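In the part that follows, the structures are each spelled out as structure tokens.
Below are two complexes that have chain A in common, paired first with chain B and then with chain C.
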Partner chain A sequence: MSQAQVAAHSVALDGEITFRRNPLIDVAVLATTFVVWAFLIFPAVWIFLGSFKTTETMFAATTFSFTLDNYQTIFRAGFGRFIFNSLFICLIAVVISTFVSVIASYVFSRKRFRGKRIIFGSVILGQLFPWIILVTPLFIMFARIGLLNSYVGMILSYVAISIPFSVYLLVGYLETVPRELDEAAVMDGCSQFQIVWTIIFPIMLPGIVATATYAFLLMWTEFLFALAFLTKTSLKTMPLGLAQFFGEQTVDWGAIMAASAVTTLPALILFLPLQTKLSGGLAAGSVKG
Partner chain B sequence: MGERMFVPLMLAPIFFFLIFFYGYPTLFNFYNSLTDLSLLGLKQGGAFIGLRNYVELLSSKDFYRVLWNTLFWLTAVSVALRIVLGLLLALLLNSATLRHYRLTTASRLVLLVPWATPPIVAVVVWRWLLDGRQGVINKALEGLGLIDTPIAFLANVDTIWPALITIIAWNTLPLVTLTFLAGLQSVPPELHEAAEMDGANAINRFFHVTLPHLMPTVVVMTLLLIFWTFNNFVYIWLATGAGPGLFTNVLATEIYIKGFIDFELGFSSAVGMVMAAMMAVFGILYFRFVALREFREIL
Partner chain C sequence: MAGLSLRGVTKQFGSVTALTEIDLEITHREFVVIVGPSGCGKSTLLRVIAGLEQLSAGEIYVGDQPVHRVPAAKRGLAMVFQNYALYPHKTVAQNMGFALKMAKVRRDEIDRRVVEAARILQIEDLLERKPRQLSGGQRQRVAIGRAIVREPKVFLFDEPLSNLDAALRVDMRVELAKLHNSIDATMIYVTHDQVEAMTMADKIVVLRGGRAEQVGSPMDLYHRPANAFVAGFIGSPRMNQLPATISAVSSSGVSITAPGGLELSLPVAGHDARPGQPVTLGLRPEHLTVGPQSGGTSLDLDVYVTEPLGGETILYGHIGDNSTLVVKVPGGTDVGKGQRVPVGVVPAMCHLFTEDGTAFTPLHTNDKVERIGASSS
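On to the complex of A and B.
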């Protein structure tokens, strides 16, 4: 359903029901809404506030003394390096993962071949594969071929875990691209490779961007593989860097809040354009069946 | 390049990842589960001990507590709670009142905040809010005179699961809500109008018009939440470290503890295979009832 149609429906429903709205119910609904808002926003607001608070006022609800010390603390502790590692690993992994997923999705969506059901099924079922099970065998394999504590090992792992959901999203997206387009190109004598590069890639671009954003966020916040495969401080990613501020005895809450803020902000900015696509896509896909 | 090679070439990269990161590791894991491999003896490998790891696992009482924690607390309670709350929130956001005051879009933006928060950050901030000595929530409860002494929410056995589920719900409820909201907005208004003409009240309309239309979305969301939660490691590990003691230990943390803290990789692999087998049951349901339908045209 297009945005315009949705809007039209809302207006129709609204107009139809408005004249019978009970003011008491209105107040109750609004009150509930604001309580829910508070529950949802409060913790995140406290991260950003806390990151600018001094240790003495950290837990005080009423007093607030502003400081940038927490940010200085984390960057002195090498957080800049963690940001670089995260960006480097995630960006390269996103490019590879998206490329692999796009070309595979095209074939899954448009071609008939033997074994398709099994191969496509395996990829889709990868979504529900418990990554924790992969950690031990991959750790042993990586230890034997020297991929522990390496960018390559992390990049390959992140590509592997993001492929299933990427393919799921991209195949869904390709179903909305009319088949006549590539059939017409075949008529014009384009080779299949040309079709993918010159027709499918440009048309799929919005879907590819959404998928890549999703994959990036998945990797950006990944903790388990990083925890198992990266022990050298110089290679650690942001989630690991954040966790290390939890000391054995003392917890530096200010530093943790600053690190949390730095980790969350890019995610929040990337999420803004993505959210309608992802939630709408999950609903549309399931309603179709 | 031959056109005949098109399909194999396009699928070669994904094959590589399927085989080297899913297929082979799973088989390797199965093999390791039949050995007494230790993290300290990776070079020489483990000795073959048959099904001894499985026997030991299935005959230990601890395993059944881990299973109960995983299936009941971590998965069943938290998924059911999120489905119900997600449905209620979606109805709230879609209500005539919120649309009248133009608050639906603002609410969507508010929902974005917890959703965009990385799980690790969600755990961190809630640990801070729930802190047993100086946490804001304890201070607020004390201020209101509801409690005399602070509660260590993430250490007290009575509050620890509700606290963990609150963290998980805060972080993941938005996706559930927004998905249901998209589903609600796709209910054809004619259906509601027709039901109203027949004299159905709001509650009747919900159960006979809205809910049936939303049911496929609810089923998909429930299955996805089950996978994501059952498999999840981060929330429990970072919030409680499976403690106090092993009180909140679940399958995912058990695998990590056995393998990387106790160094018993063979045993840890056996736990992993049991977990994979349980997930396979959900996988078959998912494939049969969701994936096959959704991708009917191309399969």
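On to the complex of A and C.
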């Protein structure tokens, strides 16, 4: 306990211990929070406003000339298709990744088997490789089995990159779920599959939402694999679409800002309603319910 | 409803033996309490009976049916867990009816049984609540209700009251005893609390190190413990156990010398005993009195702590060679810290154990005490 905190504790005349807050500390905490919040939110606000500005007023601090041209530009350039591709690939990959991760984490958390620690360690090991190392072998493998320029190839690679950390998160979450619930379900006549999906899944839902959100955002913003495995314009995802506005000679800042705003929107629409569950999931591991 | 039979039940976890050849016969409607210190294997025994752990050796019968290879849900047993194990996302009614739903029982039959169990447990108004909206005692009732609706042959309780506060634990103990009478059930109850064991059981199984030390009625275990461990475990405060030496052996009993110059002739069979043999003298605190006992003998106690509990007072003191002796006296007894008081001992109420802990058989008793386990073999 710091001296300031010790000083803040005092014994009232009636003998009760009271805690007197220093108002200056409150102000300092609020001011710091505001500064951090401003740093976080400023780029998003600047991009959102910039997406509605004309090229001439883009970097002007005092003038604002409203236009929707930037949005027309990106959708004429096929950005709608990129949104569809990203949504299609990411949503399917998240569903598969979550399904596999829930089952894998249940097995790692609840089952006793030989070599469990080594296998679990190897799952996490996959997360430690820089993705750039994986690109070349995956490219050669995908080329051989015809998965370049395909949704299937992208979905498989995104499932693969998201599973290790998802499993790691979910195993940690499962450790907070009492094993007696599984045993009660066994006594109630549930099969292993029913235990996972009718008992454990609903209880783990906040943790699963947190994990799926992480996985979705990981895939949604992924650039390297998409660049390597997708060359057909009709299959490109949003990060690739965004990159095409960076020309060799010129940069269309208005289009980039509009594309950035559009890129952010689906993620917000999908996950804002789940925010309470997400925060619940992240906090649940700390307190045994 | 049915009885339950364990024959040579053994459970090993790798190289660790958790249960060693447990034999136990439980008759229909019997309330059996398995008691023992932490790590003695009592919960493992219950889990083996439930089917949550596989047997390493032995057989389990429910009624006439062998169930040790039958899945847990099909053994006809219901278990109440220590931490209630209520499904947090389901309502009370859904929790209670879940096993029946899994067994594909008709909806109206599930509702009927849930309402009936709720009526017995007086939780009708809680049926639509979620577990997090319930108090500890209410959750425990729901957990019991979940077992009742299954109409099991045998109920299994794994330390069900250990998470409740002291007052509620006493209430629930009475409730469980009433429930046992009202639903005509065979119950097996695991606890580390010897008071629960003594107050609730028709039969107590005392476990130590995965072995059954003694099986018998509460009064059997209290009055005729098979060994020093059972004698120390059953009874509160614990039985005083003092080192002593045999001074003489006769057909009428065994004479001993104990700390504090105490000389006693105890009415126990001394078949293999010989003078000079070291033994352990067992004195229950409630069988000692302050002041000389007529027909008994006495020793001096230097009191160093008194614990007044209202109706009774516990005295802690030293005797002779600094051995500690605990004495339970009526609440009004005027004894204070630092006093030296004479403590009366009645030989007929004393217990005597060999060096390895086995009890000497009392003379003048026709009651048969069932004894099993290594220490009595």
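Going forward, the second predicted complex is superposed on the first by the 223 of 289 C-alpha atoms of A that agree within 3 Å, B and C clash if a C-alpha of one lies under 4 Å from a C-alpha of the other, contacts with A are read in each partner's own complex, and residues count from 1 in each chain.
What we mean here is this: contacts are C-beta pairs under 8 Å (C-beta built on N, C-alpha and C of every residue); 3 or more make two chains touch, one makes a residue touch a chain.
Because the structure is predicted, anything quoted here is derived from the model rather than measured.
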Please name the chain, chain B or chain C, that touches the greater number of residues in chain A.
B
Of the partners chain B and chain C, which touch A:186 in the superposed model: first, second, both, neither?
second
Look at A:194 in the shared chain and tell me whether it touches chain B only, chain C only, both, or neither; answer first, second, both or neither.
second
Who does A:130 touch here: chain B (first), chain C (second), both, or neither?
first
Of the two partner chains, chain B (first) and chain C (second), which one does A:87 touch, if any: first, second, both, or neither?
neither
Based on the superposed arrangement, let me know which partner A:121 touches: chain B (first), chain C (second), both, or neither?
first
Given the touch rule stated above, what does A:209 touch, chain B (first), chain C (second), both, or neither?
neither
In the overlaid three-chain picture, which partner chain does A:178 touch, first (chain B) or second (chain C), both, or neither?
second
Name the residues of chain A shared by its contacts with chain B and its contacts with chain C.
289
Given the complex, residues on chain B that touch chain A span 1, 3, 6-7, 10-11, 13-15, 17-18, 20-22, 24-26, 28-29, 32, 37, 42, 89, 92, 95-101, 103-104, 107-108, 110-122, 124-126, 128-129, 131, 134-136, 139-140, 170, 174-175, 178-183, 185-186, 189, 192-193, 213, 216-217, 219-221, 224, 227, 230-231, 233-234, 238, 251-252, 255-256, 259-260, 265, 268-269, 272-273, 275-276, 279, 282-283, 286-287, 290-291, 293-299
What residues of chain C sit close enough to touch chain A in their complex?
47, 50-52, 72-74, 77-79, 81-83, 85-89, 98-99, 102-103, 132, 146
Chain B-touching residues of chain A, taken from the complex the two chains share:
1, 6, 9-10, 12-14, 16-18, 21, 25-26, 29-30, 32-33, 36-37, 39-41, 43-44, 46-47, 50, 59, 61, 99-101, 103-104, 106-109, 111, 113, 116-117, 119-141, 143-144, 156-157, 159-161, 163, 167, 171-172, 175, 191-193, 196, 217, 220-221, 223-224, 228, 239, 242-243, 253, 256-257, 260, 263-264, 267-268, 270-272, 275-276, 278-280, 282-289
The chain A residues in contact with chain C across the complex are 178, 180-181, 183-190, 194, 199, 202-203, 289
